[in-house]
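So the structure is just underneath, and the comments pick up after that.
Chain nomenclature is as follows: A, B, C, D, E and F, assigned in order of appearance, with residue numbering initiated at 1 for each chain independently.
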Amino acid sequence: MVNKMPMDASAVLSEIRKGFILESIKTGKRLDGRRLDDYREIKITENFVPKAAGSAMVEIGKTKVVAGIKVEEGDPFEDSPDSGVMALNIELLPMAFPTFESGPPSEQAIEYSRVVDRGIRESKMIDTSKLVIESGKRVWMIFVDIDVLNYDGNIIDAATLAAVTALKNTVVPASKIGQKDYALPVNATPVSVTMVKIGDELVCDPDLEEEQVSNGRITVTISEDHNIHAMQKGDIGEFSLDEIRKAIKTSSNIGNKLRETYLR
Amino acid sequence: MVNKMPMDASAVLSEIRKGFILESIKTGKRLDGRRLDDYREIKITENFVPKAAGSAMVEIGKTKVVAGIKVEEGDPFEDSPDSGVMALNIELLPMAFPTFESGPPSEQAIEYSRVVDRGIRESKMIDTSKLVIESGKRVWMIFVDIDVLNYDGNIIDAATLAAVTALKNTVVPASKIGQKDYALPVNATPVSVTMVKIGDELVCDPDLEEEQVSNGRITVTISEDHNIHAMQKGDIGEFSLDEIRKAIKTSSNIGNKLRETYLR
Amino acid sequence: MVNKMPMDASAVLSEIRKGFILESIKTGKRLDGRRLDDYREIKITENFVPKAAGSAMVEIGKTKVVAGIKVEEGDPFEDSPDSGVMALNIELLPMAFPTFESGPPSEQAIEYSRVVDRGIRESKMIDTSKLVIESGKRVWMIFVDIDVLNYDGNIIDAATLAAVTALKNTVVPASKIGQKDYALPVNATPVSVTMVKIGDELVCDPDLEEEQVSNGRITVTISEDHNIHAMQKGDIGEFSLDEIRKAIKTSSNIGNKLRETYLR
Amino acid sequence: MEGNIKLIRDDGLRLDGRANNEMRPIKIQTGVVDRADGSAFIEWGANKIIVAVYVREAYPKHAQNIDRAIVKARYNMSGYSVEERKRPGPDRRTMEISKVVSEALSSAIVLEKLPRAEVDVFIQVLEADAGTRIASLTASSVAVADAGVPMRDLVVGCTAGKADGKIVLDLSKDEDNFGQADIPMAILPRTGKVVLLQLDGDVTEEEFNQATSMMMEAMPRISEIQRNALMDKYSLEDGE
Amino acid sequence: MEGNIKLIRDDGLRLDGRANNEMRPIKIQTGVVDRADGSAFIEWGANKIIVAVYVREAYPKHAQNIDRAIVKARYNMSGYSVEERKRPGPDRRTMEISKVVSEALSSAIVLEKLPRAEVDVFIQVLEADAGTRIASLTASSVAVADAGVPMRDLVVGCTAGKADGKIVLDLSKDEDNFGQADIPMAILPRTGKVVLLQLDGDVTEEEFNQATSMMMEAMPRISEIQRNALMDKYSLEDGE
Amino acid sequence: MEGNIKLIRDDGLRLDGRANNEMRPIKIQTGVVDRADGSAFIEWGANKIIVAVYVREAYPKHAQNIDRAIVKARYNMSGYSVEERKRPGPDRRTMEISKVVSEALSSAIVLEKLPRAEVDVFIQVLEADAGTRIASLTASSVAVADAGVPMRDLVVGCTAGKADGKIVLDLSKDEDNFGQADIPMAILPRTGKVVLLQLDGDVTEEEFNQATSMMMEAMPRISEIQRNALMDKYSLEDGE
């Protein structure tokens, strides 16, 4: 048992398995039977952590994340005295994958966090103007912590879904300062759609094996206003402009479906 | 000289030496002639660092520690506005043992610190209510720093003795804020007694070699009210409930003697 | 290409090259034709970073550093309520030399920073009494950041020249607090002269190869008042008192010339 | 450990309605982290803790023990798991817990059967509500078994403490914050030997004995929940 | 990305007088860090960035890729490079930039030609004035070529964005701070393939297409500056 | 280094009653850290410093010098050693001191006699009262000799400085804080060669020469205390 390494640790897939994946995708089907733009089964458990101000567990296939929200009093930034503050952080917990390590966040964790953060921030999902306690002095700070418990690909979409769900059920604990608790004011519902390029195809919601054989990843985050609020090309690989335009269209379509199904 | 490793570095005792220790203890005697509940010679030098607010050097056999106290102004914790603050820290200095390293404290250093801290804190030795400068705003903070200079076993008891002695001779420098200096108000005199299990016996005040052959450590801290304020089972090993009860009785007896001899 | 190591990485000079350097210096000439107290060509670009409060790029031979100044509001130290604050930091950027590493500053970087800092601080170059915004509450803080971009010996002198030049063109942004911007008040122009001992000779402005064959380094910083404000013997090696006295005289002479040529 | 808050109601029950020797409800589930060699999820009162176990060759080589396994538990809290947001990363409290949990598990695992190995036990506290170290250890022991690591016994733990001057089992958050003592303990149930024991507060010898007896009585009930969790999995696997 | 500041003048030009599709001036110079295997200095508007490249065997051994090179770019800002003094060391923003720049360069370098190697790309931002990541990448690509590292193509980048509701090329600092979107992009000019792309803000699909077209038109001009920088060096070397 | 406090009394003596060229009392004792290969405890005025030396094979291998020893001194201050509580761990000042002390010791140790070795010199300042770096170095040199490490000579140091405009030997805390210059120096007494020298403040060339002469006169007295400390130990050992 000791020498047993998980099949996919250190991103080593056998050449044979790689071949299977590539061949299958050429035919428009994936090894698990999905079409190229199908998501795996998505399971959302709202209020998974009742003591948090808001929370959700999200599973996309075997990928499993928990988002929890804390709302605390704090100082506003000097250049935005009339605006609450959001800070978002993804932890790639060492339990989730053999090569994830304890300690300060890796470049990968930081990139994922910042992509998820941008989608939420730029869609103006949170109405930060309604989080001011005293102008220039005291505001509500929204801490969004997302823990990855099991890693089987596509963390960005799972984390975005979890964060957005958790924010939508978040309560601002204003009773602590002698006011009434109120639901976090939310203006938009951003959804990220992540695709990877395998051979010449764009494949939605990649699992870990698909990530390992892919050449480039692209995430597009769109809100119900149909506008693009975040994009990120990640990993080594390249896309044509046409592929990027196609990714935007896919994101728009799939994102809408995800929003209607999971985020009403 | 270069290749010379101290005999007991990396916890490697020869099997022969181990056998000697075990055989001897079966007969109720230890290699240095002590009985099972004897302490080594204890030497206490009070006010070893005159510039500190309080201090003591304590030697138990060859184990040598210095505790020094600093008393500084600071903010109270939000949930205890009428209470001063104590922070206690043990440094296992790299000079004290070949495998002790510079840098952030090891798990071992932190465990030792927290056990010593609990004994002092839970016995309510320091009357923190008398360390308030301005309620909710400004209190005295008691920093207890304990440096281990030479390691030959039983750091917890040496550190507790040193900290308690130093606190008993500590002066709060209230003249800095226009009041009169006063002796740190002290309500109790906790004493920790640490035992290890060797074979089927409980052995008090283990030296390093004894720690190395032992299976489990237990510390019991009792104050003059005869109540237990801290206990800690440490290291790999197991105790029966009977052994634990015996450890409490031993701690009560030995602790009383130590208090009367060294802490009046 | 992969295995190509820069000739002088990890301080390894061939014995033959070492011999050349030593032989040459015995004759009073250096491999590049300089006499023992000659500096390499010095090039100073003032205001290299226009957005900084002050800046300079300094090249001594192939050694290249940039100093930039930021002036920000901050709190005075408790024991000097009527004095602005200066903080100086040298970064040995990993781009400058194969063995320089990212991360917290090395002992070498810290020693260099502190020697440059002392020369500027002790010559009372900056009139910190004129940097007070509100006594005891608010002062100007002068951050001097010096980046080493390419390392070919004698960083201390290049950094001192860059910092002094940058400070002399620094503007305090007092308009930010409703007052008038003003030139940083400067009272002195310290110059550091660094020598190394090669064989029995003191050699000014060593390049990297000369540093590698030397036995000891000495820096003397003198201001236009002819007084010594900082000295530092560095690296493994030893100097006689006579050599030190000679180093002071050389520093006085050469330093004067440097000041007149480059720092008027 | 302050004592001026009423923790026992006039009817003799505790604030949450429990009797002195009554546990909170406990649920354990295995196989919750697909990627790991073994895993368990425990809900103990409002505590929610997930544990994943990886068994691998210790690295680097000089950190290996040539004749037995090393056990490294790492207790970690999610930012949202406690009242005030917890910053990521270990602190002094979590490092002490990691140490005592590692040592307790080491006493249960047959270390000699896994020379050169490292058994990594990752503990993530998603929601904390008093007693997390004991709940973590209880779940870890199930996760280690779920990983197929040879064990002499399943470590099981609980806490007792003193609230309003009375000894009570399985402290609630309020009892932990405002009571007079907290005593976490863990045993190997086959022999009754104690592998984890801590105490802080103020108790007499008699109170200590009362507390340990109360815990000893509760242990078999928790053991059963552990065993059921492991059996559920295998019966499910058989049934699939 | 706030939008209540006027960024387009009444005459339709931008605050700094540029037309919508007008770049700031760009200068690139190679051979500026004597010690390095390759280097470049770029001035792009008021941005001043220096890049040095070292090619070496990856260390330690187990970090090597036996069949190709690893590319590690490290984007670092000088304390004095920005409005408010930057503390030394990486932060989350600089770490993300380091990652996307490393990945973009990796797509351009013929990694298989340098098995076991590490290509270290040290980027130092001496003065920052919007668009530093793209300017860094554009200069890095020249510095890597200057080091003699085999490349399929010279990566070239620029940004477009939305200011006062209009799509504009090569955002200024004000447009970056007060505009509605920022889109940095980098391509391999021979194939037009995109190797870096980020977006944050608020744009429609049409606006995105307009922005990318504008950038695609600008790329050849920047590529030429890159090629001239490399040629200047070699013609100088020949002429010496 | 501010100068508006009176440091020389009307009778020409210093605030603590010493003459200009008078040292504070010094005591050195060896064999104070049982576990170490060598050790020394120095009391110099109110300074209390303990030094322990370990000699071992340098680790990891690639950090070894195949033809000589590496000397690593680490100067560390206890939390309670100074007026305001010192946080644990190195800072910029202590790192500089560690470096210059390491270099001074390296000049005294016959490095070639210990190829591949590392001489670790752990310096712990328990009480600080001006002149700790020199007191540390003076004690370190005794501790290294106590460890049996071959030395060309025992490094010895002291400080001089300028207080109230006068050159004085062995600065007190007040003279260090409020004087005009501080000059720590260390030599190898057999040759008189300088192995540590620092200066900060404001002195003329003449004042510098006066200070060094004063220190050179004091050195033999300190050397004797060092030698006596080493002899005490050996005579005691013989006498046992």
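Just so we're on the same page, a residue touches a chain if its C-beta (ideal position, glycine included) is under 8 Å from a C-beta of that chain, and two chains touch if they have at least 3 such contacts.
The shown structure was predicted, so the numbers you read here are calculated from the model rather than taken from an experiment.
Chains making contact with subunit C as well as with subunit F: none in this assembly.
Taking each chain's centre as the mean of its CA atoms, D is the chain most distant from subunit C.
Centroid distances from subunit E, each centroid being the mean of CA atoms, peak for B.
Taking the mean of the C-alpha atoms as each chain's centre, subunit B and subunit D sit 27 Å apart. One finds 52 Å separating the Cα centroids of subunit D and subunit E. With each centre defined as the average position of its C-alpha atoms, the distance from subunit C to subunit E rounds to 32 Å. Residues of subunit C in contact with two or more other chains: 105. Beginning the circuit at subunit C and passing next to subunit F, one meets the chains as C, F, B, D, A, E, using touch as defined. On the subunit B side of its complex with subunit F, the touching residues are 1-6, 48-53, 55, 62, 64, 66, 68-70, 72, 89, 91, 93-98, 102-105, 143, 145, 147, 149-152.
Interface residues of subunit A, counted against subunit E in their complex, comprise 105, 107-108, 110-111, 113-114, 118, 121-123, 218, 226-241, 244-245, 248-249, 252. Interface of subunit D with subunit B (complex): residues 1, 92-93, 95-96, 98-100, 103, 106-107, 183, 188, 191-205, 208-209, 212, 216. Listing the residues of subunit D that touch subunit A in their complex gives 32-37, 39, 46, 48, 50-52, 54-57, 74, 76, 78-85, 88-90, 114, 116-117, 120, 122, 124, 126-127, 129, 148-149.
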